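Order as written gives the chain letters A, B, C and D; numbering starts at 1 within each chain.
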Amino acid sequence: MPTMTANSGPTDLLRCLQLAEAGRMYDLSSGWWRHMPNFDGYPRFEVVTYNSPAGERVEGRFPFDGSPNDVEFGYVSELISGSLHTGTHIDALSHVTGGTRDEWNGGTSASDAVGDHGPLRADAAELPPIIGRGVLLDIPGFLGLDVLPPGFAIGAEHLAGAADAAGVTVGAGDIVLVRTGQMRYWPDVDRIARECAGSGVDLDGARWLSARGVAHTGADTMSFEVRPSRVPGNPLPAHLHLLKECGIHILEWVNCEELASDSVSTFLFVALPLTIRGGTGSPIRPIAVV
Amino acid sequence: MPTMTANSGPTDLLRCLQLAEAGRMYDLSSGWWRHMPNFDGYPRFEVVTYNSPAGERVEGRFPFDGSPNDVEFGYVSELISGSLHTGTHIDALSHVTGGTRDEWNGGTSASDAVGDHGPLRADAAELPPIIGRGVLLDIPGFLGLDVLPPGFAIGAEHLAGAADAAGVTVGAGDIVLVRTGQMRYWPDVDRIARECAGSGVDLDGARWLSARGVAHTGADTMSFEVRPSRVPGNPLPAHLHLLKECGIHILEWVNCEELASDSVSTFLFVALPLTIRGGTGSPIRPIAVV
Amino acid sequence: MPTMTANSGPTDLLRCLQLAEAGRMYDLSSGWWRHMPNFDGYPRFEVVTYNSPAGERVEGRFPFDGSPNDVEFGYVSELISGSLHTGTHIDALSHVTGGTRDEWNGGTSASDAVGDHGPLRADAAELPPIIGRGVLLDIPGFLGLDVLPPGFAIGAEHLAGAADAAGVTVGAGDIVLVRTGQMRYWPDVDRIARECAGSGVDLDGARWLSARGVAHTGADTMSFEVRPSRVPGNPLPAHLHLLKECGIHILEWVNCEELASDSVSTFLFVALPLTIRGGTGSPIRPIAVV
Amino acid sequence: MPTMTANSGPTDLLRCLQLAEAGRMYDLSSGWWRHMPNFDGYPRFEVVTYNSPAGERVEGRFPFDGSPNDVEFGYVSELISGSLHTGTHIDALSHVTGGTRDEWNGGTSASDAVGDHGPLRADAAELPPIIGRGVLLDIPGFLGLDVLPPGFAIGAEHLAGAADAAGVTVGAGDIVLVRTGQMRYWPDVDRIARECAGSGVDLDGARWLSARGVAHTGADTMSFEVRPSRVPGNPLPAHLHLLKECGIHILEWVNCEELASDSVSTFLFVALPLTIRGGTGSPIRPIAVV
């Protein structure tokens, strides 16, 4: 199967690039803006003007080599703050832990590797550039729905059925995007909460994905997996299965609406995470090219 | 000329993807880390652990649907703050202004469009995905040097000479990366300050680039252009020419060392800026594929 | 009248200190905590652990003179962010502006004096230590109520009436605290919103206070003044009258519950604002001593 | 000796207030400003304009009850971030730990009580208002110096000698300020580093203070105690002795220059720490009144 990621060999990479046949590009990102919706447990995303021409004049500030500034050069910059899990993003492997030793993928214990300034290992600095075959599994499309109902659990049978219906065989190295339709209402998260929140992949679905050797997987939701969990005592089993057990990165808030509306099933997928040391993920602006 | 960007047509986009022939990828980014070197006028880049399994236990915090947590699920996240011009990045068109009305590209006055939370227009939200032909102009390589000397002004003749030596014709839609060699010492900015700071493109060089219709241009330095400026009364003439007059985005801190060491001159270039409203640029992790 | 502030002479200061006769102290502050209630237009108050013994061990960090650390010395610190108008606070004179030139007290125009990093003048750096006679005007107490009803406008007659009932003559240099009772429900701001929000001093009330030469005035609410405004076209007339026209600082979220419940009317009042350059106010922890 | 703190009884509090006899007040704080000097291990102190009249106009933002705004009301506010140990401040008891269990005062282990958002106990929320007898021990004055030399260790004999010379008996409940003279050069920390850094109280000095039952103690330096430590294997023994063993709060960067220059030895001392939950200290603006 011609799919590959940054870690694959040159032949695979070239084959992936050749997946683009029509020369049409899709932006799969959520956009980002001050105070945008996000998981409550993360800091609020903030954007503040940090430099402005008016401010530079008031402060008599002009830090450029002592040059005269007859042309009235000015510059604008910003201070931002927030979580790297804001908007469309990818989870690093250090993002989730399980067990009494708080271990993430590979057996690293958070108590050994999470400092005051993020994890020392398995952090965003280890996220590869992602170029590979993208596969969209449009679950509501497969079921004849616009959007999945609240709390709908996407199991192996739904993933397999959607793949079959699209004539796609999911395979090693694929980046599989699972559509619930929640982003049809984005960024109206109140409407999402009322009409369709919680739908997502369940543990069987996650196992179906890992069994096929996918490189990464994502969804158009905040949590990727079905909420509340169907596994008693395990609040986020798909996260633990994919990130911790299998080392498969999860992408969240990936906007699949245009792909679905154009009935695109396979495509060149590119995402370029920022390698921030101590980060537990990275915002990304994934693109699909067909 | 077979180069194109997101704004180009489908045929161009496909031709660009075909620039990759060997299936080898280069990561052109600087990396990012807490307190990493940056322009003094920007906020310091900060990374702090925001959620950790140990902290969750101490605080009795577990915000997941009221589920029991027999598997000891935990999560790690971070708070980051800083400027979007940290590490490898691209400048949005609202980043620089000139004239008594503080105008940026297109005549927008900062006093009309810069609010307390960034510019309302010409901001990072307008940055396109960038896929195109990348061209490396290795100036020290052309001159038989490892690194350009401090304050070396790269003029049209150097750019033209380096292109000729590489057998490349720079043309419309190209993304041109100009190498000074400063990143050979990255991130040792004290050494850069001592041995090679200030080298960069001068106004004539910038005009040479814009005359060829390049889509974007960048360098392996903090400021892209030569410092101090050679144009009396105009501290950053290349910025004003490219960003304000021509609408050509500037990329800074682009790591060209591996490309140069492999004598790569043309390549598929991909960068995917984050469309942050109110941002005046975006960190990027550009890749080259040959 | 024996009242004074830091600006008053030595005799006044001594007389103020002698207001304490019983040796009983009241803490008039709101407390502060992560994500505490605040005006929506301000940044959220954030507290994050920045140094911890566990983190120091993980990071191998110990920045103390290269000494061995046989005693396992560790330290804990924090990163905080937010507005200086969080919880109990005092407004600096640069906090509000009016007119087409955006002027604050004394005719300074914000366009001349507000830089990118706060106002250059009339900022928190100019806030004096406050030691003076405090006067509590308990309006619901005067009216036989527990708490004022929503949007209740406190006029001159209510202030005068409450002063008379308490046998107090408000005079020059006094720090007058006006109680609405809203903090009876603090920090349950949902209940405040439902049952009593918006009560506060109206423009006539503010004029009554300024006419008596008060040094500072405050209330147990977020906005000090009645909301919505009773003055058409002027959304916050008491702020403009007191801060801009009269140079009288306003204190907000001052907890008067204990004073009221003990029927205290006059007291030694002490508050020590932080002189933060560029700040437009300061959190304070005022105390009353009787 | 009639000294007391907030925890003392009414009689003591009144006696303290009577220490003021001349009606003269001293501001003992450092001031605060963006990027001010601080311990490298803490976040940089940042101040950014968050609301401004110009910004409000650009953004069409006016969140006041939907009222018309004929008077052009505007407001200015800020975003600040940093450590609570910036400038003049007081350490909470959770600030330092020792031993393999990382315990602070009273035996609390940081691993049990430091969450992701600060300590749950012994934090700034437990800091009392401080009103008491202040005592200045001017060590360079006692030794006939302007400023102590670099790394000068202030021992019990220096403290006792300075007290004797001033005719003061240090006693229970006192707030003792130890002057090294470093703040004579404040905020020129480069000069401090060159000429006088590191002077401070040694372990014997700290024991002398605790033996007298002082309520709090402070100095005009960043670290209070002598640096490097004179106790092998214990980098900050005075911190551990005072904060951890004795529960005596430490004040740092207290400006004693004016008191010393006026030969003031005893005074009414007032400081009002902000009770920030999760904080490990608080900036304070202490005053002395004589």
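The rule is short, and it goes like this: contacts are C-beta pairs under 8 Å (C-beta built on N, C-alpha and C of every residue); 3 or more make two chains touch, one makes a residue touch a chain.
Here is each chain with its UniProt name: A, B, C, D = Cyclase family protein.
On a predicted model such as this, the values are computed, not experimentally measured, just so you know.
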| item | value |
| --- | --- |
| Chain B and chain A - chains in contact with each | C, D |
| Selected pair, greater C-beta contact count between A-D and A-C | A-C |
| Approximate Å spacing (C-alpha centroids) for the pair chain C, chain D | 23 |
| Chain centre separation (chain A, chain D; CA means) in Å | 45 |
| Touching two or more other chains - residues of chain B | 43, 46, 48-52, 54-55, 61, 79, 81, 111, 114-117 |
| Chain B residues within the chain C interface of the complex | 46, 48-50, 54-55, 79, 81 |
| Residue numbers on chain B that touch chain A, as the complex places them | 6, 9-14, 17-18, 20-25, 27, 29, 31-34, 40-43, 47-54, 61-85, 94-100, 102, 104, 110-111, 114-119, 125, 129, 131, 227-229, 232-237, 239-240, 268, 270-281, 283-287, 289 |
| Residue numbers on chain D that touch chain B, as the complex places them | 43-44, 46, 48-52, 54-56, 58-59, 61, 81, 111-117, 120 |
